[in-house]
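Shared between the two complexes below is chain A, which pairs with chain B and chain C, respectively.
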Partner chain A sequence: MKKFPNRWGEYLFIYPAVIFMLLLIGYPLIYNIILSFQDVDLSSLASGDKHFVGFDNYKALAQEDGFGISVWNTIVYTLGSVIFQVVIGFLLAMFFSMKFRLASFLRGVVMISWLIPLTITALLYKFMMGSGEGIFNQMLMSIGFIDDPIQWLSNPDIALWSVIIANIWVGIPFNMLLLSTGLSNLPEDVYESASLDGANWFQKLTRITIPLLRPVLLVVLMLGFIYTFKVFDLVFVMTGGGPINSTEVLSTIAYRLSFNEFEFSIGAAAANILFFILLIVSVIYLIMINKDEEA
Partner chain B sequence: MSRRKEWALNILGIVFVLIFLFPVYWMIITAFKSQSEIFQSTPTFWPKDFQLTSFIDIFKDNVGQYFLNSFMIAGLATILVLVLAVPSAYGLARFNVRGKNPMILLFLVTQMLPATVILTPLFIVFNNFHLLNTYWGPVLTCATLGVPFSVLILRTFFLGIPKELEEAASIDGCGRFKTFIRVIVPISYPSIVVCGAISFFFSWGDLIFSMTFNRNQDLWPLTAGIYNAIGRYGIEWNDLMAFATVSVLPVIVIFIILQKQLVKGLVSGSIK
Partner chain C sequence: MGESLEYRNTKRNKGVLLLKKGLLLSFCLFVVLGLAACSGGSSITEESGTGTTDGKQEILLWHYYTGSEEYLNELLDEFNQSQEDVHVKSEYVPFSDIKKQLSIGSAGGNLPDIIISDTVDNAALASMGVLADITEKVESWQETENFLQSPLQSTVYEEKHYGMPLTSNALGLFYNKGIFEEAGIAPPETWKELKEAAAELTTDERKGLGISAVKSEEATFQFYPFLYSAGGDYQHLASKEANKALSLIKDMLEAGSMSEDILSSTQDDLATKFSAEQLAMMVNGPWMIERLKEANPDMDFGIVPIPKDQKVSSVLGGDNIEITKEANVDASWEFLTWLLAPEQIEGFTRSTGYFPPRQDVLNESDYWKNDEYLKAFIPIMEAAEARGPSPDWPKISEAIQIAIQESLTDSKSVEAALEDAAAKVNELE
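Our next item is the complex of A and B:
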């Protein structure tokens, strides 16, 4: 029975996936950074003339229509989505943690909203948020909550929040699921002794549940931030960044520059800014979970 | 818990889920409505005139081809993910190779990267290798979504398998690879299926990779097809919702079959 030479066999298990990720993620990542300091558009891509231009692309990006607002929108979008997702997800996790018969089944079924392709979710909300035929306006008007239809996606002051609403719907189940797991790992005897001491529901929530759940809450917040910050599909399909840049985010502006205007280098610069912010948050996140494991 | 409270909680839970999933219901029934019924000022919550014309319309409009493409892209990407991720996760759980922690870190970090960062460079690279307008562009890139996720979930799972199992197999004269295929893979089957399903969902939902790397409509998956149809169909919401329903169907079917395992797998993959 011939065995693999010891180390080589082990590397053969591990390395193909690592090499695959380095080739398809690592290499493009570095390429993208280089690209953002070169001058590459459709014509120089064909001719192969890529000279370095320093920070010109970043300067051009800063002057780009809609860039400033796209940074702001990305932040508002992320914070708005994450805060509501976590709060609602937490309340639902508390609700489903009461051990009634259908609890775990119902909690599972809710996951459907997370699994639907974002393109479809975006289209569905676009339909429901239609100003005349949309069910949202029809319902709100029939209960007399509003007199005139809300221009969910065509009013620049509202459009970003309309996309946030759709994103909250998508994200609730995932947050709920993680928080449910966190809740089920809390020690029950603490609650019992608190009850004996006469603590009420609200005191238990603020003095026991939330402090004990803090590490899980932090992880959920950070993961939510990371996954929301790179939003593309929802915005792209629901509004395409409009009206008048009011929903433009970093990833849509990067895409538009690269693939509609074929300014590859300026698009790369926009994507890099997105990457850089995410990198910082990811590093903080990784340090956090590392500390958690040591503790 | 008192009986009355138990009832109240169950009913409350059901009501919440019905409201929460109303958009999905609304999508499906709209697909069966006529155009005039959709534009009535009072909405109908069940189609007055139940019709299949929207489904017939969209299948005349190449939806069959899109569906097949989605299956090809998601299916191939899933196979690629499993072939790469299962051995890698096993190796990272069992072997003491140098650089193990950086490699685990690599998978953690790549999971968090935005697609937009790799899009432009890969467009240029794929262009040089003549991979634009083939299935391979989206297949390779979609696999990058599933690989890190699966490696991390499966590694946690493999760490939990007692080592005695492999030791027994190696006494029986199985080499490392044979042990892996004959012993480890069969007992890990449920976890592998979960990773496969989740990778399939990731790829099934992809829009940006297909849209960027394939300008050829005949290779588009459902997501790209539907994005393109939004402009062309305008306000023919019944057709669009029929299109959406067809796109969601496989996801819902797989979800119903694997619900319990999926929920468990998602939790362990995200927290650890």
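Our next item is the complex of A and C:
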């Protein structure tokens, strides 16, 4: 028989945290899942008649105007944002790791865009992306890059990318900060010996820096994905999901269904789909991390 | 092997027991904390009325006024002291929470007696079964003919009255007097004049007209006056009247008299651009007047009714006051009739910055008819139409928003966009 260590007393110490998690994270999660299988809108909330309807809410959601495009938009938005954020953040981190004068001061300045409340950022970008007086068009036209103003937020084909541009700007500092920390923790002796072996900077980058940064990069990608995937404020303030459904994302659909139309159950179903996709991504991340640790 | 298996087991069981106790204790603690947090939530609501309530019928009123809360409470005190039967208390519930709180209160049989809601929500609340049918009282009350018809109509659901209008507002056409004088033209009165003025006043730095066509209720709100002026309504979106209204907006956009930015502009954005003199005209409401005066004191602006096609029209906004199902309807109605009497309603609507829903007050009170800007809204108020009323208003409104954006972005023709919207609305009705 396997011996169980008598360590129950020690387990007591984790209970506050476990209960906290269960109440604050587990309860709403489970409540939301149950809600998505019930038929709950304003009138049934009032009468207290909540019966289970199976997958009806998910079916209704699938038929909802703009649901399909919102899933697609969420994915495009997330991948577009994260890829550019990480690449630009990485380049900036490399730049600031060169330890020139004022490097740390400038790195702090870059952080500002991350400190501004998202709603303010959204309003600023909306203003800057105005078709006539907006600074984006003014600048592009003055250097002769474009002849006619771009309809940043009014053209359904462009609007999503305009919001992505704003989000890239918001996310760069966060990526840069994490990657900077990662870079500063890399062992210098590896680079020294690589230099002695005659490696050029590109070889150092691809053979040393990026492989050694892998765990940090994974964290950055993961956090970036989660933060971006549940975007709400930027889209809501900049376009309200429009023009038509061109910038509608899962979170704005969930919000509209729950709080505009009071279809709480269908809104919960939309939120659950968002959660489910994030869950899959998290599991993939955990598997990759575990592999790294085993290796 | 010092300890026997049995001993170890009892020790473990004890441990499990203790552990369970610990779990239970921490659980209780959190439940208590949770309850405290919940009751903390309700403690932000403020109760008014310091007087005793001995023997009086207690009435609880939920409202979401922040700016005019003090004035409302003064009114309540005045009412409570004026008679011996009813005592009204008020509780503040944030606007965004009021529907949620009502659902919860309704499920728990714990509703206030009187509530205040946005006019467009009146029908939805009635369809939820939260409100009392007060048709008889409204009809036997001698005062209703003094009310403006649209606000009164906004309280109707399935041909019955489920509330009374409390405050009203509407949209008008704001124009920059300086720009108009420079061009030597008068503010437009018809669609044709609107088109011409908007085109003429457009320069490189400025657009002739701004309306809000963003994907939210604001787009529907702003489109409504045009729709009604052409003789259309939301039940007949696939009509030539609706087509005419939407085509007008599309024409002005294509002529360059309006910026493409209207597709992402809120009414706030319009006011910002108007005060920066980047718009010669805009469609907006009376709540912007103070803001415009503050933002650009040098600018001279005027307000006229939104130019017409068949008839002068506008759209109604504002609040209704409703009695809930389980309330003491007689006592609540007594308070309502007192609050809606000319003396009280004048002071209260003034404190909110809106207009009284009563024709007699609008005409007789010095406050509105002597104010340079507010007086322009008196004829507009009289022409304002209520949206809906329909319990499915949010969905109807969304169908209209999509149609507006589809046609303005050339994704669909005006006709096709309106037909699709009409199909969606028909499905709901």
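Definition applied: the second predicted complex is superposed on the first by the 257 of 295 C-alpha atoms of A that agree within 3 Å, B and C clash if a C-alpha of one lies under 4 Å from a C-alpha of the other, contacts with A are read in each partner's own complex, and residues count from 1 in each chain.
Assume a residue touches a chain if its C-beta (ideal position, glycine included) is under 8 Å from a C-beta of that chain, and two chains touch if they have at least 3 such contacts.
Quick caveat: nothing in here was measured; it's all calculated off a predicted structure.
Engineer: Per the contact definition in the header, classify A:25: touching chain B only (first), chain C only (second), both, or neither.
Structural biologist: First partner only.
Engineer: Under the stated touch criterion, which partner chain does A:87 make contact with: chain B (first), chain C (second), both, or neither?
Structural biologist: neither
Engineer: Touch test for A:132: chain B only (first), chain C only (second), both, or neither?
Structural biologist: Both partners, chain B and chain C.
Engineer: Check whether A:155 is in contact with chain B, with chain C, with both or with neither, and answer first, second, both or neither.
Structural biologist: Second partner only.
Engineer: May I ask you to decide whether A:9 touches chain B, chain C, both, or neither, giving the answer as first, second, both or neither?
Structural biologist: Touch partners of A:9: chain B and chain C.
Engineer: Output check: A:146 vs chain B and chain C. Expected answer is one of first, second, both, neither. What do you get?
Structural biologist: A:146 sits against neither chain B nor chain C.
Engineer: Given the touch rule stated above, what does A:120 touch, chain B (first), chain C (second), both, or neither?
Structural biologist: After superposing on A, A:120 lies in contact with chain B but is clear of chain C.
Engineer: More residues of chain A are touched by which chain, chain B or chain C?
Structural biologist: Higher number of touched chain A residues: B.
Engineer: Kindly classify A:62 by the partners it touches after superposition: chain B alone (first), chain C alone (second), both, or neither?
Structural biologist: Neither partner.
Engineer: Which chain A residues are contacted by chain C in one complex and by chain B in the other?
Structural biologist: 4, 9, 11-12, 15-16, 20, 45, 126, 130, 132-133, 259
Engineer: Contact residues on chain A for chain B in the complex?
Structural biologist: For chain A paired with chain B, touching residues are 1-4, 7, 9-18, 20-22, 24-29, 31-32, 35, 40, 45, 92, 95-96, 98-103, 106-113, 115-121, 123-128, 130, 132-133, 135, 138-139, 142, 169, 172, 174, 177-178, 181, 216, 219, 223, 226-227, 229-230, 232-233, 236-237, 250-251, 254-255, 258-259, 264, 267-268, 270-272, 274-275, 278, 282, 285-286.
Engineer: In their complex, what parts of chain B are in touch with chain A?
Structural biologist: Going by the criterion above, the answer is residues 1, 6, 9-10, 12-14, 16-17, 20-21, 23-24, 26-27, 30, 38-39, 41-43, 84-85, 87-88, 90-92, 95, 97, 103, 105-110, 112-125, 127, 140-141, 143-144, 147-148, 151, 173, 175-177, 180, 201, 204-208, 212, 222-223, 226-227, 230, 235, 237, 240-241, 244, 247-248, 251-252, 255, 259-260, 262-263, 266-267, 270-271.
Engineer: Hey, which residues of chain A end up touching chain C in the complex?
Structural biologist: Spelled out, the residues of chain A in touch with chain C are 4, 6, 8-9, 11-12, 15-16, 19-20, 23, 42-43, 45-48, 65, 126, 130-133, 151, 153-156, 159, 238-245, 256, 259-262.
Engineer: Using the touch definition up top, name the residues of chain C that touch chain A in the complex.
Structural biologist: Residues in contact with chain A: 8, 11-12, 15-16, 18-19, 22-23, 26-27, 30, 34, 96, 99, 102-104, 106-107, 124, 127-130, 205, 207, 214-216, 259-264, 269, 278, 394-395, 398, 401-402, 405-406, 408-409, 411, 424.
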